[in-house]
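Chains: A, B, C, D, E and F, in written order; residue numbering restarts at 1 for each.
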Amino acid sequence: MALSARNNLSGTIRSVTMDEVMAEVVIELDGGETVTSTITRGSADRLDLAEGDEVSAVIKASEVMVNKD
Amino acid sequence: MALSARNNLSGTIRSVTMDEVMAEVVIELDGGETVTSTITRGSADRLDLAEGDEVSAVIKASEVMVNKD
Amino acid sequence: MALSARNNLSGTIRSVTMDEVMAEVVIELDGGETVTSTITRGSADRLDLAEGDEVSAVIKASEVMVNKD
Amino acid sequence: MALSARNNLSGTIRSVTMDEVMAEVVIELDGGETVTSTITRGSADRLDLAEGDEVSAVIKASEVMVNKD
Amino acid sequence: MALSARNNLSGTIRSVTMDEVMAEVVIELDGGETVTSTITRGSADRLDLAEGDEVSAVIKASEVMVNKD
Amino acid sequence: MALSARNNLSGTIRSVTMDEVMAEVVIELDGGETVTSTITRGSADRLDLAEGDEVSAVIKASEVMVNKD
């Protein structure tokens, strides 16, 4: 990918929930963990996102926090 | 965790690089993928982050995009 | 807290408004100012957020802008 | 303010630390809590930010998480 | 503007769509491109945003990614 | 583009400034306005970003605020 975003985690869509404005997409990563994304409904429609789609979760490094117990 | 952030991916720190203001932390997830985070150097110092630490990458759902090829 | 996010402002929830996907949480800080947060409805449900709850607003430093009149 | 950002917390700058690219600004809110912001050095220079300046921390609601212990 | 956010693109609102919590605002920039923003419905109401309004899209530099094909 | 991010503004890189961790990229949009981005130095190196490159600024809708004077 030619996008500067450092994080690109591949997985499969497990659910898409929509409001008028927003959509929530739940992705099961290939490694087994789950990632939840909120995007606009317009983007979910444009990409025709549906359960079972192979996608990736893309995240800018500046948006990732670190937790150390 | 009692934090609203939906995404919490556990892994191990592979490197910490620091500037005067910012730090870059590279985390290898338990599932094998790599996540890069930029935080303040102040936070990296406060949490005493170092290679080998068990941590998690925490990400608010609103910061996650979806890519579908 | 062992989270890298630098900002952690304690207060009391004054209202929670929900859509199908998103929730808006209004927090009155102990110092008297008000902070508004939008999170997923899923997180608001999981944390069982309600008026009167003692919570904190957590904000990554990279998300804070500065205004100087 | 005519900006859509919901959160606008007034305070006083306690320190400004700079790199080549980034600056960290620590603001003591009027209510007593401390907020840390990272912005570009270019913005810190343009606004001529310095210790003692009266400023406000401006935060979009979508960037605020909620923690409930 | 006295706000640290580096990006301030002027344009005209082409549509406002609202949910209970969120609003989507589509802005046509003076240069011809379109920018979509999601803000709280509360902010859209407070600013009384409507089609035809002259506004600007304000974006913190840390939120801008770069794509190079 | 198959990415959910709603905003994709094409332009030309006017400058790249680097620290150890971060890079600032200034892009002149085809419409004439300027957009500033901060990304990791690692991404700037990986994409080999340099003055004169044709790129686009990619921005998630949730990161765009609206200002109405």
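By definition in this document, a contact is a pair of C-beta atoms (placed from the backbone, for glycine too) under 8 Å apart; a residue touches a chain by one contact, two chains touch by 3 or more.
Which chain is which protein? Per UniProt: A, B, C, D, E, F = Transporter.
From a predicted model like this one, the values you see are computed outputs, not experimental measurements.
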Any chain touching chain C (Transporter) and chain D (Transporter) at once appears in the list B, E
For chain D (Transporter) and chain E (Transporter), which third chains touch each of them? C, F
Indicate the lowest number of steps between chain A (Transporter) and chain E (Transporter), counting one step per move to a touching chain. 1
Comparing residue numbers, which of A-B, A-E or D-E shares more than half of the contact pairs of C-D? A-B
Centre distance in Å when chain C (Transporter) and chain E (Transporter) are each reduced to the mean of their C-alpha atoms: 22
Could you put a whole-Å number on the gap between the CA centroids of chain E (Transporter) and chain F (Transporter)? 17
Chain B (Transporter) and chain E (Transporter), separation of their C-alpha mean positions in angstrom: 29
Gap in Å, rounded to a whole number, between the CA centres of chain C (Transporter) and chain B (Transporter): 21
Give the residues of chain E (Transporter) touching no fewer than two other chains, as numbers and ranges. 2-6, 19, 22, 24, 36-40, 42-44, 47, 58, 60-63, 65-69
Based on which chains touch which, is the overall arrangement a line, ring, star, complete graph, or other? other
Name the touching chain pairs, please: which are they? A-B, A-C, A-E, A-F, B-C, B-D, B-F, C-D, C-E, D-E, D-F, E-F
Would you pull the chain F (Transporter) residues touching chain B (Transporter) in the complex into a rising list? 2-5, 19-22, 40, 42, 60, 62
Chain E (Transporter) touches which residues of chain F (Transporter) in the complex? 1, 5-10, 24-25, 27, 29-33, 35-39, 43, 47-49, 53-69
Spell out the residues on chain E (Transporter) that touch chain A (Transporter) in their complex, using ranges where they run on. 17-19, 22-24, 36, 38, 62-63, 65-69
Applying the document's contact rule, which stretches of chain E (Transporter) touch chain D (Transporter) when the two form their complex? 2-6, 37-40, 42-44, 47, 58, 60-62
